[in-house]
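Since the structure comes first, as structure tokens, the remarks are kept for the end.
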Amino acid sequence: MATGDSRAARLLPLVSRLNADYARAIDDDRLADWPGFFVERCVYKITSADNYRRGLEAGVVYADSRGMLEDRVTALREANVYERQAYRHLVGAPAILGEADGAVRAETPFLVVRIMRSGTMDIFATGRYVDLLVKDGSGLRFRERIVVCDSSRFDTLLAIPL
Amino acid sequence: MATGDSRAARLLPLVSRLNADYARAIDDDRLADWPGFFVERCVYKITSADNYRRGLEAGVVYADSRGMLEDRVTALREANVYERQAYRHLVGAPAILGEADGAVRAETPFLVVRIMRSGTMDIFATGRYVDLLVKDGSGLRFRERIVVCDSSRFDTLLAIPL
Amino acid sequence: MATGDSRAARLLPLVSRLNADYARAIDDDRLADWPGFFVERCVYKITSADNYRRGLEAGVVYADSRGMLEDRVTALREANVYERQAYRHLVGAPAILGEADGAVRAETPFLVVRIMRSGTMDIFATGRYVDLLVKDGSGLRFRERIVVCDSSRFDTLLAIPL
């Protein structure tokens, strides 16, 4: 760990809180707030553990600016009017892995449950967030969030931000 | 956020711990301890996200005193002698949303897995706790806990406290 | 709680971090790192809630030294070359239950999802870790970790460390 232990201890609650707020925005269906968790020039990507391990750049979802994330939210709003499912994120404790260029590297496990209108619940996705975080104003924002899904099945993954 | 950031940071571990103790009491099948997490004059309600969003007051389960919670535990004990399932709560990081009248508002995501005697495990409920917490003696207690379930299917939800 | 509250508050982030690192090692498939989370003379056991409650000593998996854990990793590596599933641990907040002989007693709920090569995800195990933790060098290590699974079905549980 490049980061000093005491510095990691100080960062941990901030990263935890960012993750909690991020998940809550999605699960509360406040998608318009989602791009605000990223800095202007950012990377957001959803990929599989297999692809990530092999260094394949292509993700199922890729955006490299906050504007692209905003476009994505608009597209989701237009496409999804008639079929609304709900999602519930459970996010584990982050591991603070180091620091470079004023950015913090962190990894955090997650589980997302999908709740269908019929009431059926299933595991939608599991994986880990591989993040680069930067101070921005009073809090942290994502410079990079790579969503590495454990499963390679992505048929419906395009539905929501993870 | 009405609450100052440093105050929220101070409250977070206390709320986390209350949530952990609450879940452990249920999962350890120490139901008699459950009412003790609430103050004497309290509200406990289980409802669905749909009903909560529409402001419908009626919940599937409703209690407005610790005595009612105790009655509920007694009823569960009498009804459930022959069919014991186990439950496992996974509780996320709380969001401290503000403070008023000496009470703290917090929201916390949860997931409950049910384990049947046959060994089968399934997702029993997901949702968020919408809480009002007050200092009581050395720790925090619930003045109000609204259990907002993501799913509207409640057939078996009456079985245990969530 | 035998432990003073302030001492428990100080220990909590350390225990949380140990749990997060432990889970990450398994989920990242770095099994060789797993024995390093234990002290040399340790106990690691996987058992069911039923057996644990009845005080039955026998577990499905039992090891009483770091060497036995290392042997186990070797055996897993040899047996599992051709059928690799992935796992994802979600670990809840630990409860610090007391302290004795320089060891900390803690209990922590967990959920493990299994991801098959086909992409199917299911709940593999839920339960709680019943731990004895000791200071060892700069961090904490397990003197004892009893993995108490809620379900008694153990057919495939032998596959990985939990």
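Labels for the chains are A, B and C, by order of writing; each one numbers its residues from 1.
Assume a residue touches a chain if its C-beta (ideal position, glycine included) is under 8 Å from a C-beta of that chain, and two chains touch if they have at least 3 such contacts.
Predicted model only: the values in this text are computed from it and were never measured.
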Report summary line: Here chain B maps onto chain C under a C-alpha rotation whose angle in degrees, rounded to the nearest 5, is 120
Report task. Answer with same or different: of all residue numbers used at the interface between chain A and chain B, are over half used by both copies? Result -> different
Requested in this report: Averaging only over C-alpha atoms, locate the centres of chain A and chain B and give their separation in whole Å.
Outcome: 27
Query raised in the report: Considering chain B alone, which of its residues make contact with at least two other chains?
Result: 90, 111, 123
**Report entry** Sites on chain C touched by chain B in the complex
**Finding:** 5, 9, 12, 49, 90, 92-95, 107, 109, 111, 123, 125-128, 150-153
Report task. Flag every residue of chain A that touches chain B in the complex, lowest number first. Result -> 13, 16-17, 19-21, 23-24, 27, 86, 88-91, 111, 113, 115, 118-123, 138
